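Look at the two complexes coming up: chain A is in both, with chain B in one and chain C in the other.
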Partner chain A sequence: MKTYIQVFLTFARNSLVRDLSFRTNFLLQCVTSISWAIMNWAFFKIIFAQGKNIAIGKGTGWTENEFFIFLGTVWIINAIVQTFFMPNAQEFSELIRTGNLDFALLKPIDTQFLVSFPRLNWASLANFFLGIVVVVFYANALMHDAVNPLSLSVFQVLSYIVFIGAGVVIMYSVMISLAATSVWLGRNQNLYMIWFYLTNFYRYPMEIYQRGVIGWGLWGFFSFVVPVLVVANVPARTLAQPLRESGGNRWENWLILLLFTMALVSLWVSRRVFRWALSSYRSASS
Partner chain B sequence: MSIIELNDLCKTYKVYQKKEGLRQSVAGLFRREYRDVNAVRGVNLKVEEGEFVAFLGPNGAGKTTTLKLLSGVINPTSGEAKVMGFVPWKRDNDYRRQFALVMGQKNQLWWDLPAQESFRLHQHIYQIPANQFQKTQDELTELLDVKRLLNQPVRELSLGERMKMELIAALLHSPRVLFLDEPTIGLDVVAQHNIQQFLKYYQQERKITILLTSHYMQDIEALCERVVIIAAGTIQYDGSLRGILNRFSNVKRVTFQLAEGQSFEALDRFAPIEELQEPKVQFRVPRSDVPKLLSGMLDAKRVVDVTVEDPPLEEIIAELFTQAAKNQKDSSPEWLGGN
Partner chain C sequence: MWAKASTWWTYFRVSLEERMVYRGDFIIGVMMRFLPFATQVFMYWAIFETLQANEQPEGRLTGEIGGFTFYDLIAYLLLVTVTRAFSSMPGLTSGISNSVRNGEVKKYLIQPIDMVGFMLIQRVAHKLVYYVMAFLPFAFWFYLFRDCFTNGIPGVEIFAVYLLSLVLSFLLGFFLETCMGLIAFWYLEVTSLTFIYMLFNFFLSGHMFPLTWLPGEFEWAVQALPFQYLAYFPAAVFLGKITGAALYWGIVVQIAWVFFFFLLSRLLWHRGVKRYSGFGG
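So, the complex of A and B:
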C-alpha cells in the first residue's frame, strides 16, 4: 500500500512540475474551465429567470437553489474526473496504439493502477474549488430560506463527501472500461465523444427522466447498465434535500444502496474488462 | 537449471489485410480478410546465467517478438518459456522485479521532465531503498558520463544521451536478466562505442544475463560470445560468432602483393579474381584450394606479401538471411478469408 501511495504522490508531483513548466498553457486551461463553469451557471440562471414554467425544477421538486447545489456537485465530480482520469484514459488509448503499454506491463506493480494515474491535469482542479464555492453558497442560501429552511448535520456533510467518492469510482470505472476497448478497436478517438454523450445524462436530477416510456427507459439504462445517474444525484440530494417539504422520497435510501452497489460492481467490471483487454494486447512494432 | 528456457515457443498474429483503393476499403468495412503472420514459430533455446547472447536476424525475423514474450508483454500462441523459474506472461511481481527490457525505438522516460524524476518514480515502483538507489544511480551516471544531464528535460537530450538514461532507468533495480532490443539503433559511432563499453563492463562486473538484439555487427562482435541467428521465426544457428564462418562459409579471400615489375596478366588461370588493384590481387577460392593457389602463385611470381582471410561476417550473414527469406517464401502461410 505504501508503494502505491508513494507512486501516486510521485505521479502527482511530476505532473505538477510538468504542468507548471508550461506556465501559459496551465493558466489558459484554468481560465477556460472556469469560464465554462460560469457560462454553465449563467445558462441555468437565465432558465430559472424565465419563470417556473420552463424551469428544470418544474414537477421534479427541485427549486432553483437546490438545483444549483446539484450543479455544483456535478462540477466537483467533473473536475475530479478531468484532473485524475481523463488525461490518463486518453493516454491509455494512445499507449495501446503505439505499443508503449509494454513499459507499464514490465513494472512490478498493478498495471491498472499504473496506467490510471500517471498524468494529473492539475489545471482542471480549478472547477473543483469553484464547485465547492457554489455548493457552499447555495446550501447557505437554503439554510436561510424564509419558508422552508434546510437543516444540515455534520453527518450529512460527511455523507455527501463519501457519496461523491462512490460516484467518482463509478465514473472512473466507466471511463477506464471505455479506454480499454482500444485494444480491440486499434484506435479509439471516439472516447471523448462517447464520454461526453454518456455524461450528458448525469448532469440533471433523475426526476426529469421519470416520465414516459423513453424517459423511464433512459432512467433504467443509466441507473443499472451504465450507472452514471446515481453519481451526482445521490450526493446532491443528500445535501439539497429537494423533497424535504413533502416528507422526502421513499426511495432515497434505496438510491444510496444503489450507489454503493453500482460503485462496487462497476469497479469489479472495470478490472475484468481491463484484464481481458491486456490478454488481447499485442503490442506494436518495435 | 538454465536461467532462460524456451520450448517450442510460437506466436502468431492475425493481421488485417488492407487492400488498395477506396472500393476495397469500403468493402473492408463489411468483410475483412486476415492473414496469419507466424512471427515466432517453434523457438527452442537455453541460456545459462551470466551469458551475453546476441539475437541476430533480418527485420521481421521474430527477435523483438521473442523478447516481448520473454518480458511477458504479450502471450504466446503455444509453447513454453521460463525465465528464472517464472512463466513470463503470468507477470508475477517477483519476476518483474528481477528483469528489465530496454527498447532502442521506444522511450519510457517522461518526455517533458528531467530523467531524475523518472528515476525517482522507478525507485518507488521497484521499492529500492533510498541509499541503494542513490548509490546505483551515482555509479551508473558516472559510468555513462551523464551526471550533469540528470536535471535536463529528456526532450532536450540527444538520442545518445537519452539512450544512456533509458539504460540507467532499466538498471536502477539491479536486474538479474536484461533484454536489450536494438539499444544502439540510430546512434553515431562514438555513442555506440560508449554503450558497448558500458554494457561489456557492467555485464562482466555484475555477471547478469543479457539477451541483445542488434543489426550492428560491431555490437555483437564487441559483446557476445554466443550468437543466435533467428530468421523466419526459427533459430537458424546457435553458437559462437566465429563458428558462423566455419559453418556457413567455405571460401577464403587470398590477397597477394606482387613485387615491382611483375606482370598482372592472365592471373585468372590460378583462380577467379575478386579484385585487382596493382600491386595487389585478391582471389576468392574454396578453402580446400588455398594451398594449391599459394604454391602456384609463389612459384610463378615474386610475392612480397600474402594474406588469407575469411570473407566479412556481414556478407555471410546477409547470405544466410536471404536464404532464410527464400525458404520462408516457399512455405508461405495460407490465406484466411472473411472474419
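So, the complex of A and C:
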C-alpha cells in the first residue's frame, strides 16, 4: 500500500513539474476550462431569466439556486475525472496501439494502477475550485432564502463529499472499461467522443428522463447498466435538498443505496474488463 | 481559362474522394451527434412543464419562452444543426495558421494556384460528401420530431430565401474563419483569437438557444455582428419567425457580410504574403 501511495505521489509531482514548465500554456488551459464552465453557467442563467417559476421539471424542486448546486457538483466531478483519469485513459489506448504496454506489464506493480495514474492534468483542476465556489455560493444563498431556507448539518456536508467520491469511482470504472476496449478495437480514436456522449446524460437532474417510454428507458439504462445518472444526482440532492419544502421524499435513501451498490459493482466489473482485456492483449511491437 | 477550370475540377474530385475514405466512422459520428440533442429535448420538456398553467389534452405543452413554444424550440434546435452543417468549418482557422507557421504555405506561393480558392473548393467537396452521408441520420431525426414543425414546410418564397441564406451562411463561415487563419501572417499564435470567436459564437449565433432569449441589452450586439447568420437567421426564417421587410433586409445584410469577409480575406492574403518569408526546403 505504501509503495502505491509513494508511486502515486511521484506521478503527481512529475506531472505538476511538467505542467508548470510551460507556465503560460498552463494558465491558458485554466482560463479556457473556466471560460467553458462560465459559459455553461450563463446559458442556464439565460434560461432561468425567462420566467419566475422556471425549474428543471414541475414539482421537482430544481429551481435556479438548487440547480446551480447541481451544476457545480457536475463541474467538481468532471474536473476530478479530467485531472486524474482522462489523460491516462487516452494514453492507455495509445499504449495498446503502439505495443508500449509491454513495459507496463513488466513492472512489479499492479498494471491497472500503473496505467490509471501516471499523468495528471493539473490544469483541469481549475474547474474543481470553481465548482466549489459555485456550490458554496448557491448553498449560502439557499440558506438565506426568505421563504424556504435550507439547513445543512455537518453530517450532510460530509456525506456530500463521500457521495462525490463514490460517483468518481463510477466514472473511473466506466472510463477505464471504455479505454480497455481498444485491445479489441485496435485504435480507439473515438474514445473521447463516446465518453462525451455517455456522460452528457449525467449532467442533468434525473427527473427529466422520468417520462415517456424512451425517457424511462434512458433512465433505466443510465441508472443500472452504465450507472452515470446517480453520479451527480445523489450528492447534489443531498446538499441542495430540492424537495425540502414538502418534507423530502423516501426514494432519496434508495438512491444512496443505488449509488454505493453501483460504485462497487462497476469497480468490480471494470477490474474484470481490464483483466480480460490484458489477457487478449498481443503486443504490437516486434 | 479552360486549364484553370480543369485544375479546379480535378482538385474538387480529389477532395471528394479524400472525404469518402472513412465512411463508417463518419455515419456513426453523425448519428451520435444527436445524442446530446436527446438530453436537450428532455431538459426543455421538463422546463416547459413548469410554465404550464393548467392541464392540456394529451399533455400538450402550451407555454412560451421568448416567442418559442416547446415544439418550436425543438424544431429550431434541429434546424440549427442544419445551418451549422453549412456554416461550421472545423479546422479551417487552425489549418491555415498552421500552414503559415510551419511554412507549408510556400507550396501555394510557388504554384500558380490561389490558396483561399483551393480551400474553398476543398470545403465545398467535403460539405457535399457530408450532406449526402448525413442525409439519412438527419432525415431520421427530423421524421422522429415531425410533429414539432407545427407550421409545416414553408411556402416556395420563404423556402427559396431559406436555401439562399444557408448557402450564404456557408460562405460567411468560410471567409470569416479564413480571415482569422490569415491573421497568422502577423501573429503566429491565433488560438486565443479562435477561442474568443467561439465564445461569441456560443452566445450570439443562436446555436445553443434562440437569440430572442438574450437579455434586451445584447440586441445591438446581435444586430451589429455577423454571428446570427451562422445559425439563428436561416432557422428563424424557416420557422416563419422573420417575415416581410425584415426577411429581405436580413438577406441583404448577410450578403454584405459575405462580401466584407471575402474582400478582407483577399486583402489579408495579399498583405500577408508580402510580409511572409520562407526559408529552407
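Quick note on the criterion: the second predicted complex is superposed on the first by the 279 of 286 C-alpha atoms of A that agree within 3 Å, B and C clash if a C-alpha of one lies under 4 Å from a C-alpha of the other, contacts with A are read in each partner's own complex, and residues count from 1 in each chain.
Just so we're on the same page, a residue touches a chain if its C-beta (ideal position, glycine included) is under 8 Å from a C-beta of that chain, and two chains touch if they have at least 3 such contacts.
Here the structure is a predicted model, which is why all the values come from computation and not from measurement.
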| After superposition on the shared chain, which partner residues are touched by A:133: those of chain B (first), chain C (second), both, or neither? | neither
| query | When the two structures are overlaid on chain A, which partner does A:185 contact: first (chain B), second (chain C), both, or neither? | reply | neither
| said: Quick check for you: in the superposed arrangement, does A:17 touch first (chain B), second (chain C), both or neither? | reply: first
| field | First (chain B), second (chain C), both or neither touched by A:207 | value | second
| query | Looking at the overlay, what does A:161 touch: chain B (first), chain C (second), both, or neither? | reply | neither
| request: Go through the superposed model and pick first if A:257 touches only chain B, second if only chain C, both, or neither. | output: neither
| Touching partner for A:47 - first (chain B), second (chain C), both, neither | second
| said: Quick check on my understanding: which residues of chain A belong to both its chain B contact set and its chain C contact set? | reply: none
| said: Give the list of chain C residues in touch with chain A in this complex. | reply: 25, 28-29, 32, 35-36, 38-39, 42-43, 45-47, 49-52, 65-66, 192, 195, 199, 202-203, 208-209, 213-215
| message | If we count contacts the way the header does, which residues on chain B are in touch with chain A in the complex? | response | 13, 64, 68, 71-75, 91, 93-94, 96-97, 99-101, 103-106, 108, 110, 112-113, 117, 120-121, 124-127, 153, 181-182
| note | As the complex stands, chain A meets chain B at residues 3, 6-7, 10-11, 14, 17-18, 21-22, 98-103, 105-109, 111, 114, 279, 281-283, 285-286
| request: Spell out the part of chain A that touches chain C in their complex, as residue ranges. | output: 28, 32, 35, 39, 42-43, 46-47, 49-51, 53-58, 60, 190, 193-194, 197, 200-201, 203-205, 207-209, 211, 214-215, 218
